[in-house]
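Take a look at the structure below.
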Amino acid sequence: MGCLECLKDYFMGFWDYETPKVMVVQDRKLGVIYRAVQCLVITYFIWHVFIIQKAYQETEDRPDSSVYTEMRGVATLGDSVLDTTEYVQPSEGGDIITTILRREVTHDQRQGICAEDYTVPNAQCTKDSDCVRGEMDFEGHGQKTGRCIPYYNYTFKTCEIKTWCPVEKFAAIKEAALQKAINFTVFIKNSILFPKFKVLRGNIKPNKMKKLKRCHYHPETNPYCPVFSLGFIAEQASETFSELCKSGGIIGVVINWKCDFDLDPSKCKPAYSFRRLDMRKDPSTSGYHYKFAKYYDKDGVEYRTLITAYGIRLDVIVHGNAGRFSLIPTIISTVTAMTSVGICSIICDWILLTFIDKNKAFSDKKFDDTSNEPIQPTTTSPTLTSFGSNHSDLSDGVPL
Amino acid sequence: MGCLECLKDYFMGFWDYETPKVMVVQDRKLGVIYRAVQCLVITYFIWHVFIIQKAYQETEDRPDSSVYTEMRGVATLGDSVLDTTEYVQPSEGGDIITTILRREVTHDQRQGICAEDYTVPNAQCTKDSDCVRGEMDFEGHGQKTGRCIPYYNYTFKTCEIKTWCPVEKFAAIKEAALQKAINFTVFIKNSILFPKFKVLRGNIKPNKMKKLKRCHYHPETNPYCPVFSLGFIAEQASETFSELCKSGGIIGVVINWKCDFDLDPSKCKPAYSFRRLDMRKDPSTSGYHYKFAKYYDKDGVEYRTLITAYGIRLDVIVHGNAGRFSLIPTIISTVTAMTSVGICSIICDWILLTFIDKNKAFSDKKFDDTSNEPIQPTTTSPTLTSFGSNHSDLSDGVPL
Amino acid sequence: MGCLECLKDYFMGFWDYETPKVMVVQDRKLGVIYRAVQCLVITYFIWHVFIIQKAYQETEDRPDSSVYTEMRGVATLGDSVLDTTEYVQPSEGGDIITTILRREVTHDQRQGICAEDYTVPNAQCTKDSDCVRGEMDFEGHGQKTGRCIPYYNYTFKTCEIKTWCPVEKFAAIKEAALQKAINFTVFIKNSILFPKFKVLRGNIKPNKMKKLKRCHYHPETNPYCPVFSLGFIAEQASETFSELCKSGGIIGVVINWKCDFDLDPSKCKPAYSFRRLDMRKDPSTSGYHYKFAKYYDKDGVEYRTLITAYGIRLDVIVHGNAGRFSLIPTIISTVTAMTSVGICSIICDWILLTFIDKNKAFSDKKFDDTSNEPIQPTTTSPTLTSFGSNHSDLSDGVPL
């Protein structure tokens, strides 16, 4: 053959269509198994992959989210009145907001020397030599002066230290818990932007802003009113509010957006859930508290009011997940579905060749054997010769 | 056959190579369709999957990011000068930073009794019996004493309450907006670490730090100068600065790192985008503000200056996405591509068997039928017999 | 044929089982290649996909996490004692916590007029006309009054400005670094909740809370004691503590949860790693510092103490990843594995048809050719005729 003809042959061959040869087995048992498996796989793909998991959609699960929180409510504490400026920190209204429910206040601390807290290890003493001058105990509150002095107006003695005086343990006034804070509300404004789909959604209806001051959240009647009382939050998180007043706690407010933009975007509503996030298996030591101070100046000397605050910290966590029809994931999912249907063949083949009766006969039909011996182009029917060449029971009877 | 021989047979068979039998159809129309579909699929995979989506890369999309923010600028407000210490909160320079643009200041509040804000529901009264002693209105500012008193120097009356006096509504001084803050700059240092690739990238060039004090960001001329004026940010977010001065707002600063580590890592530059994040369909009620207080002590009595601050909150959001060549995703994508090419066969088969002329002839060739009747090993050519055994129009003519 | 029969035929055909015809090639070389490739692919799937990547598991990688941080330790600074209330900000104990290691304190600043910092551009002057009245330099500290005055007790002159006086550059007292802070500890309580699996895990053992005050973290002996000294953190992040005292720095504390819930959940322990997050190629300008002020009142005049704080900012970053056996990913991975094994056939076919000797003979067996000429139903054996109709070297010799 000339090279031109060979090229032409190749070019002609390029446009040939190749398709695998298929053997049809008229076995009802096998057919039923085959169709059943096929049906299962197709059902799985249509139901689970396409309807439940929406595999035909392109998804976005890392939206840009913005949270603004604001506490509301006033309460009396003894003679004074606490408003949000007093009991909420930090004031900027980010995704973490704390409410003070109980305070231990140490008034008028100043730098000076006084007796160490007696609960600190090695703080108790009987004579000056028990207190090493200049030593700082890691768990203590300051530097030892080397003297052993009476613990304020008590009879026992502790080491004298240089620190903010008096120490908190002695001077702190434990205020009553703000039980009325159960009615305080937190307003959580959240807007979420899916950059891929260019859709911005918020958890309030713009024209309903004025009503927001008085409403309370309810999943059915008031889904667009993100105002939650602390009592509601504690209840949803399966906590008792009075317990939280004692030791404090961290509660996660999870806002979950699950949006299907094939439907109207306005159908995409947030779901709220509340969970206690700090460990609480051992109630005596768990909880949430922090210390801060207010500083002031008296005749040039710096004083501070030290406050140990027990309260609820709300951590607002936003999850977003959106999807919209897209060609590419649809194609990929369809291809995967078709491939999986193809796997049925493998399973049924295995059954066919292993369990079904007459499998030897089937396998002779399915497998076309090419023995290693050189194929003789001169034989009358090479196709037939090689057929069954090592399945002697069949080929023996073939007359050539 | 002995068991040894049978094992030997099995062992020999194990090393046999099995390949599906293929039928070549010399139909130009079908061949063109087949090749066209194949070509489409291959083009899609090479273009979209490999070039656009870089499916040959292993990716990392949850990098560790660190943000440091710092505001710069001073402005006069009446007689006094405001520097960053006054108008920026919180001071630590994390990923959320607020700038105060307008303040409503209530000086010298202290715990006491005074008239309730007249805008509170049920606060207005004409006689003492309108005010229930001990009652606390949820939207009010304190606890009612039971008396009805004149509202400061006005003629109408409201209930007297125990609270921080005087109430903000009456005593707040509305300061002018800091219009000059349009020139304030925010410096946003961001470094990002991809743990999987062990690459650390920052948004400033280390040796250019000294120039940073005076530069301004520009995507082309100054990409490594992350200093943005508030005016630039407002403009990019399609907001008017004077509007923001009035009611405040939350603006997201999105830093997007899209890195291809098959190229030089130094080519991986951040892209900045700015978006208003709080809802603003109803301008009268949207915006951003918060309250905080400065406390001081006068002769042992605690006073506070209450400040309601309207301003811009910048939420810095960092997205990172990096990829680098890896063998495993390359193999997986190639396998998927090949499988998808295989799907072409299924489509063309369907066309072949449904639409193309001579399909009956093709299907006889493609489908090798095994009828349910027992196969007789004694026939001369079992292969031929079964061929077309239920496609009688063809097999009828076969002489055995 | 009647339509009823045709429907019956279709119905019967529906239950037929179709399986591709396979050619067995008894070529040892090819068989070995085929089995080797198959073995490689299967090994890859079993080892890498199933054992290493645990592809049979359903995974969750965006858990809800809660971080609570608390610093501990006291240190002396000159005559005074600093406790956590002084050197830790913010006080609420969130996922970002800063420790002040060195301070520059400017006492008793108040609104007034004084000389501008001489390092500000254009601040130095010789005569009043050098200072434009009312001008505000962007990098300056206030508004120029138009006078040129001596720089405090120095002989050179700078423009007089209206600002908080005196300016920090002149009046700031640089305190010594808190070298002893190397022993300060930070307690990081972290709990993590995988909503999909409803498993809550914490990094402390509930019944060991009392011991937590004294323990230090060690990966082997004390994995459930998340108390880290600043020295340990600096060392792990490959930083020298004295360097951090000078210029400050941002260190990321990465807590990595990798959980396999097929095992006992209690085996899921966090791993801690520490990395410097701010850029530090140019030590003279990098680092971490921030400014804040304490306000007080002297006879009705507001004073402030301005503090520039250099320190360590710890950013706690939590990564979580959990998996548990699930049917669906198992099926999908198995299908992918089987498909990939199928790809071996394609590779071997290509070798078979390209490199192996006798490939012409093989291809004649593999490819069953259907020529374009009309099939004559009258030929005695149409199947044989078309067989090899364009592979003339074979079909020529077939006697019909």
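Just so it is clear, A, B and C label the chains in written order, and each chain counts residues from 1 on its own.
Going forward, contacts are C-beta pairs under 8 Å (C-beta built on N, C-alpha and C of every residue); 3 or more make two chains touch, one makes a residue touch a chain.
In UniProt terms, the chains line up like this: A, B, C = P2X purinoceptor.
Keep in mind that what you see is a predicted model, and the values were worked out from it rather than measured.
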item	value
Chain copies touching (chain A, chain B) - same or different residues, decided at half shared	different
Copy-to-copy rotation for chain A and chain C - C-alpha atoms, rounded to a multiple of 5°	120
Chain A and chain B, separation of their C-alpha mean positions in angstrom	15
Touching two or more other chains - residue numbers and ranges from chain C	18, 20-28, 90, 296-297, 339, 365, 367-368, 384
Residue ranges of chain A touching chain B (in the complex, touch as defined)	14-28, 62, 64, 66, 68, 70, 72-76, 79-81, 83-86, 90-94, 180, 183, 189, 191, 193, 195, 200, 202, 204, 206-207, 209-210, 213-214, 294, 296-298, 303, 328, 332, 335, 338-339, 358, 361-362, 364-365, 367-368, 384, 387-388, 393-394, 397-399
Touching residues on chain A, where the partner in the complex is chain C	18, 20-28, 30-35, 48, 61, 89-90, 96, 98, 111, 136, 138-143, 161-164, 250, 252, 254, 275, 277-279, 281-282, 284-286, 288, 290-293, 295-297, 304, 306, 313, 315, 317, 319, 336, 339-340, 342-343, 345-346, 348-349, 352, 365-372, 374-375, 377-383, 386, 390
